[in-house]
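Worksheet: the structure to be examined is printed underneath.
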Amino acid sequence: MFYHTKELQFNARVSKPDPRFARLLLEQFGGGNGELKAAMQYFVQAFTVKNPYPDQYDMLMDIATEEFSHLEIVGATIQMLLSGVNGELKNVAEEDEIMSLLGGKAAKEGYIHEAMVNPQFGVLSGGGPTLTDSNGVPWTGAYVNANGDPTVDLRSNMGAESRAKIVYEYLLKFTDDPYVKETLKFLMTREVAHFQMFEAALATFQPNFPPGVRQADPRYSNVYFNMSKGAEARGPWNDGTSTQLGEPWKYVADPQAQVEKTNGLVDSETDDTTKTSQSLKEMEADLSKKKVKEINSATPEKDIQWSEYGVKNKNDNKA
Amino acid sequence: MFYHTKELQFNARVSKPDPRFARLLLEQFGGGNGELKAAMQYFVQAFTVKNPYPDQYDMLMDIATEEFSHLEIVGATIQMLLSGVNGELKNVAEEDEIMSLLGGKAAKEGYIHEAMVNPQFGVLSGGGPTLTDSNGVPWTGAYVNANGDPTVDLRSNMGAESRAKIVYEYLLKFTDDPYVKETLKFLMTREVAHFQMFEAALATFQPNFPPGVRQADPRYSNVYFNMSKGAEARGPWNDGTSTQLGEPWKYVADPQAQVEKTNGLVDSETDDTTKTSQSLKEMEADLSKKKVKEINSATPEKDIQWSEYGVKNKNDNKA
Amino acid sequence: MFYHTKELQFNARVSKPDPRFARLLLEQFGGGNGELKAAMQYFVQAFTVKNPYPDQYDMLMDIATEEFSHLEIVGATIQMLLSGVNGELKNVAEEDEIMSLLGGKAAKEGYIHEAMVNPQFGVLSGGGPTLTDSNGVPWTGAYVNANGDPTVDLRSNMGAESRAKIVYEYLLKFTDDPYVKETLKFLMTREVAHFQMFEAALATFQPNFPPGVRQADPRYSNVYFNMSKGAEARGPWNDGTSTQLGEPWKYVADPQAQVEKTNGLVDSETDDTTKTSQSLKEMEADLSKKKVKEINSATPEKDIQWSEYGVKNKNDNKA
Amino acid sequence: MFYHTKELQFNARVSKPDPRFARLLLEQFGGGNGELKAAMQYFVQAFTVKNPYPDQYDMLMDIATEEFSHLEIVGATIQMLLSGVNGELKNVAEEDEIMSLLGGKAAKEGYIHEAMVNPQFGVLSGGGPTLTDSNGVPWTGAYVNANGDPTVDLRSNMGAESRAKIVYEYLLKFTDDPYVKETLKFLMTREVAHFQMFEAALATFQPNFPPGVRQADPRYSNVYFNMSKGAEARGPWNDGTSTQLGEPWKYVADPQAQVEKTNGLVDSETDDTTKTSQSLKEMEADLSKKKVKEINSATPEKDIQWSEYGVKNKNDNKA
Amino acid sequence: MFYHTKELQFNARVSKPDPRFARLLLEQFGGGNGELKAAMQYFVQAFTVKNPYPDQYDMLMDIATEEFSHLEIVGATIQMLLSGVNGELKNVAEEDEIMSLLGGKAAKEGYIHEAMVNPQFGVLSGGGPTLTDSNGVPWTGAYVNANGDPTVDLRSNMGAESRAKIVYEYLLKFTDDPYVKETLKFLMTREVAHFQMFEAALATFQPNFPPGVRQADPRYSNVYFNMSKGAEARGPWNDGTSTQLGEPWKYVADPQAQVEKTNGLVDSETDDTTKTSQSLKEMEADLSKKKVKEINSATPEKDIQWSEYGVKNKNDNKA
Amino acid sequence: MFYHTKELQFNARVSKPDPRFARLLLEQFGGGNGELKAAMQYFVQAFTVKNPYPDQYDMLMDIATEEFSHLEIVGATIQMLLSGVNGELKNVAEEDEIMSLLGGKAAKEGYIHEAMVNPQFGVLSGGGPTLTDSNGVPWTGAYVNANGDPTVDLRSNMGAESRAKIVYEYLLKFTDDPYVKETLKFLMTREVAHFQMFEAALATFQPNFPPGVRQADPRYSNVYFNMSKGAEARGPWNDGTSTQLGEPWKYVADPQAQVEKTNGLVDSETDDTTKTSQSLKEMEADLSKKKVKEINSATPEKDIQWSEYGVKNKNDNKA
């Protein structure tokens, strides 16, 4: 169950309205790397994790809930940057008089120009945030990655936090408002903190590479295909030893020849005598057995209930 | 700021897994009338309302937060209905042996058939909910209506609650699980409760019709155009007096003739002598002045701050 | 069957081209609360209604067809506001000479600036309307709400008309062209008229609350959960009697405690002795029987035909 | 302005309900090649054409309006194929008794299975059509092509009609209902008719190739790049003379060598001595001047009005 | 299999950065008529064609691969037009000092203004291309038309090439950079070349009209319905003989009367005595038999393999 | 520039058609973690990297091109799994006879049932792949993450490869076809290989944490907020030292109290005396200077050219 308190997690303030920066900031409200994406991603991931891995479930729900709180901070900042717009839109009386008296023509021109920044602030949302990115494209569930395996999901999250961090970094280039910068720096820093939380949680699952259960085929896991000709480069990604499996990289300079020679790679062979088909199968079997047990033992087969009630109270009494 | 507690607002349970109903229930998780839509709609609407109308802001945030809690209930139910899928997907060891020994062929056939119910439960989400509707279409911000005016937004919400109610009603036709029906009836009833809350809140804004500030043009507000020929019907929507403005309906049986006769309606006239152009203008002016004042007086023009901190504590000490 | 006549329903005119306002006006052409949304929503709703409720079907088709006619008015206005763009885009001859002779550099700069207003007017549509909102996001069927129950659909429509009305109200702030304002006021007023038609039609279905057939559970229908802490407010939405069911509101100040005490609300009780489980069931049974009869008796079970032909002629002869 | 009459353009009938075919038929209701796409495409294209080319405008509006009428036929057929679903969804009374008495369990199983065909018929639309394709993906404005030039738009339409035709052809494979086949064959045939209308209209614009105004660069217009190696084929698309410009095809067997030799094609030369840079420029200038004149002379620069009223009446009186 | 070489197919250059034109050019990178759309459309179409029609498969893959190469050219041009943005975004050090010393306020204002051109260049992509159209709407698979029949697909492609051509033509109006114009003219010309290739390939399928296999019903294939009243026009699209089937157009001036008279067109008759129901059925049977044979004989029913390896080498040795 | 050769990179085969698995496999053709997503993501990222980091550019283009080749493998497999569908759809002759003679009714029933697997294989694509996920939702550019900074993009890619790996792992549960499993295992393994390439490339950028240039604020970077109450857990993500910055985690058990006490966190303090505001600013300045130099020095300010031609040839001559 969620609760809300009226205070923002961070004391968001703005020096003065700035509809143009409000538009940019939409990127983190309803954009692909924004706070709603983060909140929903961790929230959705948490469902499969809850029973088998309750500790990591707690972490996912802590961070998901913080991201909802950040979404509120971003929305509040946009709203403050748009101060005045909503009121102005209600001001329909005696427009002609005002216009002619107060050089309204020019004023209206300026007003229209501001509105062009994001027309929907003017004609749709009435001066409030829209659930879109900075170009007005609506948020979509397609942003959310949740694949039912913590060794995958936590890596997705490290990517997501990296992207959210850089977007805040870029946004900082586009405002001089010291209050807004303060808020952006807080939010940016939290992405850095979350990244490290996810990385630490990933390490609690062992082995965690390759992600999932199935092992890599040693005939294909250490091959580098030189598919882009000209200005070829060698680096630790195709020279030396691979980062996780520790296999020597094999550089295929001419993939076409290789493919033809090996009947479409099907006849490829591996030099690695330690990873036999049998040894990999056994490794998979062990890992699979362990994971299946962790997951299935944590869920009853019928009369399934999500929460227990009153338990905490009892414990509190004991304490 | 949001908080989360581990207990669901409602004690959601399922008798046994049912992937097919899990798919249907996605309609209320990531569908157009589902819980995320409701939560986000009221949450986004709340930003413009907070300063001028703090009481209604409190109501919107109360209901938005409850809808987030309902989203969690729906997700938890889907997860319980999918019990076993995640574990089965990890079970990759010795598959061939199992297959041949235990009539695995047929088992796999059955499994594939179940997966066809919603392929993404099987191949994408690993047996967890997806942020989509029951057809797998991702949730979109386009579902959210927030127009910066309570006389509009509260009516949008009454429509939204009506739709959410009927979808739960339909869903109840597709499950026999008594636990699931219990949960669906709770959620359905809450939509009925929320509808009445929004209706009550709408009545606190007076006048609230027409929504917004501008008044209707009496030459066009009571005209009914018979655009669909054959089997014409008369009813209170084109006969008698209009519901809100109390004007007599004028039925235009032949719109083409009327349009030609009136130079494209521009030369239309009204019989209503009470609503003169001047009287309407004054009504607009008064209403506009009142609304602009309510809104603008509630927001400072610079150094704007969203929350105050420590205030509640002080008050608590006083009490 | 639809027909078209070359005259617009309203004599739409513009004083002079204005590509910037053309962009804003797209919001009502291909936007979420625009004329296509309205037309398609009522048109799609009409299919389920036709047989059981032919009078309301006639109303839905009258209004849907009028909305298509409004879509044409909006598109025509956009086209007139873009006058000159299409011709200019064909003007590719001797561009270098023109440029150097006539200060073309500056002219082109200005032209590019105008195009930036909405690049697709310049590089995609060739100076015609696009089926998008004011930010260029394509219209989507996700805007359309049609749930197969008039007590729901008509409420959706009242919400939709309210939103369309306020968008026209906002748009009026962004143009000074008296012709365009005239058209916008006509279109805005028609939304006010349609709202009242739908409201009147809703009243012809009795009972119409709760929408649909199923009744609310009296244990949950009058409860208000205080989910957002701090600055709590009381109002007619949580104090006094509910608007439609006339139940006394019960305010739950501490939902967490309530949820724990009632085993996740499952053990909630109601004070209302008049609405017993049995009486509600009977009410549902009666209503269900009535509705099923209305619907099923209106549709044959086989050899189903949509229209009858020549009937009107016969009647005409009689008259 | 649009009108509607209650009779369908074609006497659509169904022998008996068939929810599965109803789902397939959605492809032509809200799918990418369906009737709404066609109607909206021609309707949107018509705006730029109206003033300079009133005859072709008439044709576009005739066909657009017919496509709206076809949309209604498709929707009506879907509705008839879903007969019974809406009524069944209202049948909520005494469900337990019915279930136990009448082998309801099995009946419900069957019902659920049918619903799985398209869950949204069951839980969202209440047994009516949805504005989606056969997979439930909402219709999108991205389907509509309108580029402000008849030599382009009419070709888009010939492509669109071809696609609509083949979808009806495929659909005919999936139903045995003779009434439904009759309707599908009518609709399929109309696409064939419309294709030929667009083709005839295209021929009234001369020259119409290349589409638009600008001419092709003879250094690049007749070159064929062999970008896919192995199993190369020669045919009239890279051998002989090109279809419209009548240039001899030049086959570049080794594009990489060609690109390097010609400094990235910039140093390419043409053998065609008839199409000089100057002659092409003049051709463009002439064509541009003609088109600009056609377009600009048809639209006033200010006080622009879309329709004239009463004109037809006057003429009628004369006749 | 695809390869890449570092050289662009065309020597794309820009004179100086121009973020505004970079935004416009996105229309051909991630827009509905852009290079990715073309590449993916031909690539996806190629799969069904490969076995029965290997020559046309070669052509589709040649052109698809060229379009991928054009996508790269467009992306490279956008990147060059954005030169400096990425570097500037990394420049976060000592900002306050720079600002105060160098009139940074104004500089930042200018920078913000540029960023407004497309905010995502500034805050999302870090100064690189985004996979969107010029309004920031993400590319969608809905742009791709592939219907499994060359007589349809090739016509879709002729429409697509026409649209791509006109968009390049329009884009040429918005830049003065001679290098960029050179590139745009190359790309525009290639669309003209591709159009003719598809047209030539279409002619290799005979008969190819109507597209697909099923024949048109002669009762409906030559009828023109006058659905839009007023300013009716006659032209080769409703007067004379139809372009492909050579049937005389029948003009129905009053569709409503015709529909009522013919029982919803069901009782329509044809004057054409040559196309009997039987003769059309036989034509369909012959064509169907031919096509089925072409397709089915080209694909084995089991143990299906896509490519053969080493074959070319053998042939090479022979040569 | 791209090239294509007719041989697939891997010798994809299928034992026999299987439309149901073809539908599932669409997830990797046009789905959110599929091959097109991967190909486009690396391709788009490569543009900003090319000049400053040519070695990593080479790697991105090598892998992007391989992913295009995998997209072809997946499409070819889907096509082979659909063998027979395209031919059957052309078989329209004498259907009635076939039906009655050969128990066609049942056959058609079965055929329809198969088609229900994914209706668009039957009625839209004519038995070829569609550019959608397994539910028929079109691929969208929203899947692509490219943020103009390698320390972000490479992390996005590690997440993306993890997701692609698990989807192949899940898919392997749904087919028994040994040929198809062979192909899936190859593709799955390549994701494992690519993950390690990206990880190795990330290590060549130092420092690479936090991603981007700006440093974390030490007052917020090591704080863990306990936002989800009940069943709290401690783990390396909130206990001990953070993974990258090596800071001690601070666990805030009661965030509400903390927020109120610190004036909305603004008055937070840090214990870390080594990271002063000044030292962080200097670190940022150094890193910023380095990055700006790397990027800006690699791109000329005017007359920018993407490729050089003929260079390789010269070098080849030298060798």
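As written, the chains take the letters A, B, C, D, E and F, and residue 1 is the first residue of each chain.
In the analysis below, a residue touches a chain if its C-beta (ideal position, glycine included) is under 8 Å from a C-beta of that chain, and two chains touch if they have at least 3 such contacts.
If you're wondering where the values come from, they're calculated on a predicted model, not measured in any experiment.
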Between the pairs B-F and D-E, the one where more C-beta pairs touch: D-E
Geometric centre distance via CA averages, subunit B-subunit A, whole Å: 26
Rounded Å distance, subunit B centre to subunit E centre (Cα mean): 38
Subunit B-subunit D separation of Cα centroids, rounded to whole Å: 33
Junction residues of subunit D, two or more chains touched: 1-9, 11-12, 32-33, 61-62, 64-65, 69, 88-89, 92, 124, 126, 132, 135-138, 140, 142, 147-149, 166-167, 169, 172, 213-214, 227-228, 230-231, 255-256, 259-260, 263-264, 307, 309, 312
Listing of all chain pairs that touch each other, if any do: A-B, A-C, A-E, A-F, B-C, B-D, B-F, C-D, C-E, D-E, D-F, E-F
Residues of subunit F that touch subunit D when the two form their complex: 1-7, 88-89, 92, 99, 105, 108, 111-112, 115-116, 118-120, 122-124, 126, 132, 135-138, 307, 309-310, 312-313
Complex contact set, residues of subunit C against subunit A: 20-21, 23-24, 27, 31-33, 117, 133-137, 166-167, 169-174, 176, 227-231, 255-256, 259-264
Of subunit F, residues touching subunit E in the complex: 1-9, 11-17, 30, 36, 40, 43-45, 47-48, 50, 61-62, 64-65, 68-69, 72, 75-80, 83-84, 86-94, 124-132, 138-142, 144, 146-149, 179, 213-214, 281, 284-289, 291-292, 295-296, 299-309
Subunit A-facing residues of subunit F, complex: 5, 7-12, 32-33, 54-56, 58-59, 61-66, 69, 140, 142-143, 145, 147-149, 151-152, 155-160, 162-163, 165-167, 169, 172, 182, 185-186, 188-190, 192-193, 195-201, 203-204, 209-214, 216-217, 219-228, 230-238, 242-245, 255-256, 259-260, 263-266, 312
